[in-house]
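This structure is in structure tokens; I'll ask about it shortly.
Per-chain numbering from 1; labels A, B, C and D assigned in written order.
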Amino acid sequence: MAEFSTNGKAVDMSVLLKHTMFKNPVLVASGTFGYGAEAKNYCDINKLGGIVTKSVSWKPRVGNYPHRIVETASGMLNSIGLANVGVHVFVGEKLPYLAEFDTQIIANIAASSVEEYRDVLEHIEANATKNLAGYEINISCPNVKDGGLSFGTSVERTAELTRALRSATDRLLIMKLTPNVTSVAPFAETVEEAGADAISLINTVVGMAVDHKTRMPRLSTVTGGLSGPAIKPIALAKVYEARKACGLPIIGIGGIVNGLDAAEFLIVGATMVQVGTANFANPHAGIDVVEELERYVHAEKIGSVRELVGSLKVDATLRAQGW
Amino acid sequence: MAEFSTNGKAVDMSVLLKHTMFKNPVLVASGTFGYGAEAKNYCDINKLGGIVTKSVSWKPRVGNYPHRIVETASGMLNSIGLANVGVHVFVGEKLPYLAEFDTQIIANIAASSVEEYRDVLEHIEANATKNLAGYEINISCPNVKDGGLSFGTSVERTAELTRALRSATDRLLIMKLTPNVTSVAPFAETVEEAGADAISLINTVVGMAVDHKTRMPRLSTVTGGLSGPAIKPIALAKVYEARKACGLPIIGIGGIVNGLDAAEFLIVGATMVQVGTANFANPHAGIDVVEELERYVHAEKIGSVRELVGSLKVDATLRAQGW
Amino acid sequence: MDYSSLAQKPLSEVTERTEITDGLVVVTFRNPYIARLARAGQFVNILPRVGAIDPLLRRPFSVYQRSGEAVSVIVQVTGRGTALIAATMPGEMLDVLGPLGQPWKADSTEREAILIIGGVGVASMPLLTEVLKSSGKRIATYYGARSEKLIARHGLEAIEVATDDGSAGFHGTNVALIDQHLSEKRFSNPKLYVCGPTGMMRAAKALAEKYDIPCELSLETEMACGIGICQGCPVVADEATFAKTGKRFRLVCTEGPSFMSNAIEL
Amino acid sequence: MDYSSLAQKPLSEVTERTEITDGLVVVTFRNPYIARLARAGQFVNILPRVGAIDPLLRRPFSVYQRSGEAVSVIVQVTGRGTALIAATMPGEMLDVLGPLGQPWKADSTEREAILIIGGVGVASMPLLTEVLKSSGKRIATYYGARSEKLIARHGLEAIEVATDDGSAGFHGTNVALIDQHLSEKRFSNPKLYVCGPTGMMRAAKALAEKYDIPCELSLETEMACGIGICQGCPVVADEATFAKTGKRFRLVCTEGPSFMSNAIEL
């Protein structure tokens, strides 16, 4: 960890989310890293702050018909459709496999009713492994009819779901919010009141691509979710909005490809970050982000990555504008 | 115009918006082309379908303090702050200057109250020039406190404003919608009911950038508006949503840099398009879009660009998915 | 397979660039790891521009040739990614990940191998030919192309050509030609190895059903990762597989790129 | 000024590339139009990668030198755009628009010209020197740089060097040196022409006020268009201008890049 030192002291990359310690603030995002089995050939998973697993539902889901992905300007659209092995295979095979790594595991859950969310969470809870740090609740998948977005765009249903899950676990409960709303602030407030430990944002942005040759949509579901560097400015703005709206720790996600991108999210107010799409072109991206962030913290001559969190110098800027 | 011909017949690039004929469906977007004086050195303005002028308000506005722009991945953020000459200089100098060109002019208006919108429109109406085709009403500027976004995020206020302006002109009344809402459909419906002739979308997407060296926001207003190729997938999805929600003609905007981008918007259901940010790197972009679109129409062996509008082959796709 | 040491150095120097014809280029780069491990039918994943975020994703290419530490791919320019890769000059770098996917199942028992190639589908065939030859199979290669100058004969055996424009060989599709030869009973125990455009693959699949012979198809689907972590590259599994395993889709990048024609829908 | 015929062909072939030191490169390209029209203090706007959408915007560079149909810019690498432009090799193309902006107001009446240069602010000074010489002004050049090897003397006259590290000339800032020389009354009727980092420009503006001498500053602001259509590049106008004209801001791309120091706030 401590490759660098400041004034003789090591750079401290660890962060604490409520009661849970992460060796660094960099997670890999749900749906972009598999369950570790493939990616471990390309990077030393033990160097990651943690892994957020692909959204799991009660039953296995085969996912959407092809075409599922299309590249766009500095980004991509996907419509995977929450393809996943189902919670039984998840606890039977994936969690035990992931327990071999020295990093935190966060289980991401997607479902279509409060009951299903709760059933899945309880089943995982009953089969928890030693490095299961908690849950990320996906209420923001834009690509399936019942992918939780009906929760993610309703403050009331988000509150109801958060309360129902809060009472089912003492592990970390992280609500993953969508950017596809007029304002993310009411969701951040609600989730805080309802007892979540953190929010993560953003999930993908609704987008679409068309093949001018065939005049057909380039995704089988017509619209899909936009991710990658193209959305980083949107993600930073949402994190900033959420930061002002609530006191919960925030996990920033969207377009991070290097350590400086990660630093930007921390500066705006995120406590941790997730690396998603970047893993596809570079399965080593998560580690690269950790290492560059560590170099940045070192160069900034601060002892701990935590000092970056929320260090945005915004007052002078706004004052000059008379806002 | 008719560089190409299909079966001996010329490619027809003209489009009709209600009662107004445009020589082709390509406009340059508000705030990205000045008032023609600078850009005319780089392109033959008479080849454009039309010019949408920079948002004009009752009084001149000096705009926001620097920094006003920052480049992002395949896009840019701006926070110009509706800097404009005010409606008196607009009708006194800009409109007469623009009247010299053989292309349609659409006056874009931004204001902070129904009364101001109406006053500006009436003042322009009273001083209309021969090629003034109508008005685009900006209710979607994210960069000033009173830039209309309080209208653009409220269905009721949008309806009220549309009605108030409808009764003040027989020229084209185009409402410019924001993508920064959970769903654009209710706005499209409302605007249709209230008597607008068309909708244009999208305006910029709220975004933010941070300088990791200074830890300051890179725009003086902290957040700004994201534009350019990065947002094209978002824009296409919003046009598609609006197309399903209302019967009004749509003017598609967002990330168009070439004729094939424009074709994609028409296929999804737009009747016309606007070229914005692309003008900055290439002040000839509007013409390039017209010419490439014309070549595309020719290659598709259709007689008129109008045949593209809404020609998306979506049913088979969705049926395969069981949606 | 443990990539951890080597796959972290995907930067490979281009050593040669040969234009076969306009828009069809063989690009050779130095990558000892891939050169050593790649097997016939596997692919590499190349980032169009080193260090760039646009284009964002890698492009997959079959391993076309290798010799010593050099690996070649044959690139047909179809869009901006292939245009950039095809324009890479000797001395410049490419960011290459691989070898990926499963090899051709060339160790099956049939004594005859019919290679059916459409256009740039030739890419995996020289290595396949090598393997088949070394195990003593009789090889017949049916190579369909739009015109003669698009044909890359290197490393192939017993080539019958079919061109759309009749500029060489049979005037028509290669599948029609094989159909004729199969009906003339020129083969007794053949297996089909097929790579080409979807239309040709469908015709080959139908041919295999008609004559009841095994048929392996090498597929192309859009890929975000190429290593099984995005789920972006599925092909539809046939009904029998679905009924048996509940798997509606199979991943082209890790389970493929080649599949037996009766295991998938096209 | 009518660009319509020529400015539509911004593609310019790079003919020479000279590295002054690590990260400081002179790039020369062929563009007869710009070579003919450019005046001292104007700039060109260069797209980092021909045809690419990322990086999206052009980068502004002062016209450094010209000869015949060739135009040179001096590029200091500070980010991804300048890195790409500085790496362009002879034979490759650049997409260049210009000349843009207003020239230095070198025709003012003062008999002495004090050129104050900080780092890559040297870029517009050789052409300025040419103009000043041809109108018979006495020139004194104060060139501040981090170290000696970053100094590009070409086309300058009567250079006094100041380096941060003392590796050459005066050990300190060039503004401190001029202050000393002004206080020693070495000049009787000078005008300051200044280009360099903001801190140096502020110091020069203060110096001009202290000695009550005219001072022209060449500014750098982020630009999306460079031609006056985006309103992205403002500098704050001084209170007097604001009171008189209602203009709070002035556009650096079309009204500048140089402004009299008392007309703006820094």
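Convention: contacts are C-beta pairs under 8 Å (C-beta built on N, C-alpha and C of every residue); 3 or more make two chains touch, one makes a residue touch a chain.
Worth saying up front: this structure is predicted, and the values here are computed from it rather than measured.
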item	value
Other chains in touch with both subunit B and subunit C	A, D
Most distant chain from subunit A, judged by the mean position of its C-alpha atoms	D
Pair sharing more residue contacts (C-beta pairs) when B-D is set against A-D	B-D
Intercentroid distance (Cα basis), subunit C paired with subunit A, Å	36
Separation of mean Cα positions, subunit D and subunit A [Å, integer]	45
Centroid distance [mean C-alpha coordinates] between subunit B and subunit A, Å	34
Shared-contact residues (touching 2 or more other chains) in subunit C	53-54
Subunit B: positions in contact with at least two other chains	65, 73-75, 228-229
Arrangement of touching chains [line / ring / star / complete / other]	complete
Interface residues, subunit D side, partner subunit A - complex	53-54
Subunit A residues touching subunit B - in the complex, by the definition given at the top	64-65, 72-75, 77, 145, 153, 180-182, 205-210, 212, 214-217, 220-223, 226, 228-234, 236-237, 240, 255, 260, 263-264, 267-268, 296, 311-314, 316-318, 320-321, 323
Sites on subunit D touched by subunit B in the complex	1-4, 7-8, 47, 53-58, 97, 221-225, 227-236, 246-249, 254
Subunit D partner contacts - residues on subunit B that touch it in the complex	31-34, 38-44, 60, 62-63, 65-71, 73-76, 78, 80, 83, 228-229, 257, 277, 279-281, 283-284
Touching residues on subunit B, where the partner in the complex is subunit C	73-74
